[in-house]
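Before I ask anything, here is the structure I am working with.
Chain naming follows the written order as A, B and C, and within any one chain the residues start at number 1.
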Amino acid sequence: MMSDLLQLKNISMHFGAVSALEGVSFSVRGGEVVALLGDNGAGKSTLIKIISGGLKPAAGQLFFDGAERHFQSPHDAKLMGIETVYQDLSVCMNVDVVANFFMGRELTKSLFGIPVLREAEMKAITESVLRAGGTRIPSVKVNAEHLSGGQRQAIELNRFVHWGGKLVVLDEPFAALGVEQVRRGLETIAHVRDQGIAVIIVTHNMTHAFDIADRIVVMHQGRVAGDVQTSETTHEEVIRMITGDAARRPAS
Amino acid sequence: MNITRRTIGGLALGAIAALASNPAFAEGKGKVYFLIPDSGGPFYPTSAKVEAKFLEQIGYELTVLDATNKSDLQLNQLDNVINLKPKAIIVAAVDYDAIVPGIEKAKAAGIPVIAFDREIKSTKLDFTSVAGTLEIGRIAGDETIRLLKERKGAIKGKVLQIMGDPGDSYSISLGKGFAEKMTAHPEISVITKPTPQWEPTTAGSTAQDQLLANPDIDLIFYHSGYLASAVVGSLEAAGKKPGDILCLDGDGDPGGLAQIRAGWQQVAVGAPMYAQVLAVAEVLDQIVNHQPLKAGTYQILGLKSELTEEAWGPNMKIPGNVVTKANVDDPVHWANGKVPDVKVTPLM
Amino acid sequence: MAVADNRDVPGRQSMTGFSRTIVESILDNVVWLILFVIVTAFCLFIPGYAQVGIFFNIIEQATFVGILSVGLSIAIIAGQIDLSIESTMALAAMLTATLVSTGELGWGWAPTPIWLVIPGTLAVALTLGALVGLVNAFLVVKLKINAFIATLATYIFLRGAVVAFNGGGAVFGLPQSLRSIAVTRLGGIPMLAWLTIAIFLVFSFILTKTPFGRYLYLVGGNPVAPFRAGIAVKRIAAWSFVLSSVLAAFAGWLLAARTSGATPNLGLGMLFEAFAAVVIGGVSLKGGVGRLSGVFAGVLLLSAIRTAINLLSMPPQYTQMIQGALVLSAMLLDALKTDVRARYL
């Protein structure tokens, strides 16, 4: 069994007098999809913000890739290979797929000392990465605005994988997507996992969680109310955890 | 002409407020206010400065208010000034209609009102001192005829008239006076083009295009010397030499005088600013004392001027100066910036 | 997995991709098409229009609005707006003219050799532009004042500065060496026309081929995405202001040479022409969209129309109404374009 890529130990977080997280321990392995479930206000957003460097925990430890980390900003976390994908937040609709794919990492050559884009090369790389990732789009020269939400998400995921990401947090990845797009999205996530990448999916949709996740973690009132292998639980049990009527922790 | 009469909306935002005011004489006769329309160009600020100097000689203290080309602001200024009970108010109106209610209020308060450079014909005034734009246009027409006759041996040819802003009353009257003279000579064809907002680049482009479409243009009459530099720039770019095309302006702005000196321009017909200003100073005592002015012909700075009794009161019309290379340095031209050192003496 | 689907439809996909490309390129270049049609019509119906000299005039007279439009496009593409360009241009012209004018208001700077006035005044003008750009950038990027309001303020302030500079006076009498920029022809084509074309080519290259140009589009499209990708979003926005101001100052420097001086109202109204050209050229005011080739066509279109009005015999009072109507129709065209795009692409 692979060791944990990310491990949180006894994380607590307070906003003034309000306690958002209380002694949360949580872990993900490489090549594992974990679904993070819970009602609004259960602490999911706070938890993923801590993971991606957006918030600093009041107490507790965060281990990533074999060492304790203290992320000062999302940029820190990103440098380590952690990224949060919000729907369309990291996509520029007004430029083509290639430009989105290479955003901030453009390949250039020097022409009389002026950096010039290596457009053909970037196009070829984008095409091959998307093809390998199983993403179907009409042309990589088409602007992102002409793509479906699912296609854009796939591009973001492929981009993440290509640039050496290790842990991706997907925040409500299937909101506002059609049935077919959800199916493709699930395929893409499976593809990402198969490359040894850890995936955390924050969702309200239990069906999606059961479809894709290897493990389900349920938050309730700032605590972990359940942490179970998908194969060893049922919809009913997870619902009881979400509503606070049951709690189950791994035996370890 | 002077850029100041132009519609340069919002242009004067930077240069505002009282431009000239002199300490009152110990035995001062009181305060006079001068309401100028704008300071977008040198004409009105200079007029005001010179007027202050002349009035100081005869014991009045002049305060200048700039309306920055806003007729409503000028009306407010007039209302405020009335409360200060000055000896007289001189107005160069932003708008000759909008200012009338204010003038009537001043008259009701017993304060004499003098119109400067811009005629106000819809109410009775105590004095009006104008150059007569229409007249300047006529003189420009006569000069055009003279120049064409000298150049071509006959009164014929093609003239490009570059107007100012098509909505500017100065440019419109100038064009009217010019047209009067031109219609008498059908052998002269006139092409007229506007320069919205008196923007010189536009005038330069107009000249450039017209020279290509009408290579036989003999003379260019631009309504202001302010446009001279840009028009001459186009002539130069088109490969012309000084004198190839005759040039003429209709306001005696320093820009035109510079081109006369450089040989590009032959004639400027200018507003006789110093005489206009002096005329006001030389009748002020009488106006303040409510003594009648006698109609007739007067010499003001050597210019033969007509004082007539019009529906809007006594009207002093001073003819425009014709500036040529021969007299371009004459201090009588306001554009030369040499205020004449004259003693202000009552005109009558 | 989806790889199988991918092989399923390549034929159909490249078809739609191909026809989309064609329709897109027609929509993108529709301004050039209109320019061609209108100029042809003018040539046929306006006496004196159909000659090479007139075409040179059109390009030469497009210089100032053209260069302003390049700067304005850069600012707008980056999601900003710069209303101050016209005043910056006028102030740069006034400064240039005053520096070297031998007239009454000029300072008569005459270095030896005299051609040094060219690099000298250019350096002064461009420095002025850079300073204005930095002030705008400071107001908008640092103090987070709305760009429209901030640059409106600098627009008014700088125009006031132009008026106040010489107490409302006009400056004339520039040395011949500086004038030569506007008078010289290179290969029979006016120097100003060459410069205008060069500016458009250089900045087209920067916008389409360099990472900086790419970042301008990214920042204008969705500033969050490039920020998350580690791009210095604020610095890009600041550069867009500096570039638009420096370009405006360059236009002012040329304008002083062209009009052989400077007046307080120099260039008045060119801001609106630049806006019209930019919008006609297909630059979206929402940011992130547009190409300079379209803007160049827009600038030439306005210049061609102005020249036509100059040559037409019609009462001068109608000039501005015609220009206004044309700008409005260009806007409608733009709306139509968006509609076509939304419906068929």
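In this section, a residue touches a chain if its C-beta (ideal position, glycine included) is under 8 Å from a C-beta of that chain, and two chains touch if they have at least 3 such contacts.
In this text the structure is predicted, and so the values were computed from the model without any measurement.
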Farthest CA centroid from subunit B: chain A
Innermost chain, taking as reference the mean of every protein Cα atom displayed: C
Approximately how many whole Å separate the CA-defined centres of subunit B and subunit C? 36
Could you tell me the distance, in whole angstrom, between the mean C-alpha positions of subunit A and subunit C? 43
Distance from subunit B to subunit A - Cα centre to Cα centre, in angstrom: 76
Partner subunit A, residues of subunit C touching it in the complex: 1-3, 5-6, 9, 13-14, 16-17, 20-21, 209-212, 214, 217-218, 220-222, 224-226, 228-231, 287-289, 345
Residue positions on subunit B within touch of subunit C in the complex are 3-4, 6, 8, 10-15, 39-42, 45, 163, 166-167, 191-194, 196-201, 204-206, 208-210, 212-214, 226, 228-230, 232-233, 236-237, 253-255, 258-259, 262, 337
Interfacial residue positions of subunit C with respect to subunit B in the complex: 47-49, 51, 53-54, 57, 60-61, 64, 103-104, 156-157, 159-164, 167-170, 172-173, 179, 182-183, 190, 255, 258-261, 263-270, 306-307, 310-311, 313, 316-317, 319-320
Subunit A residues within the subunit C interface of the complex: 74-75, 78, 89-95, 99-100, 103-106, 108, 114-117, 119, 131, 134-136, 138-139, 141-142, 146, 184, 187-188, 191
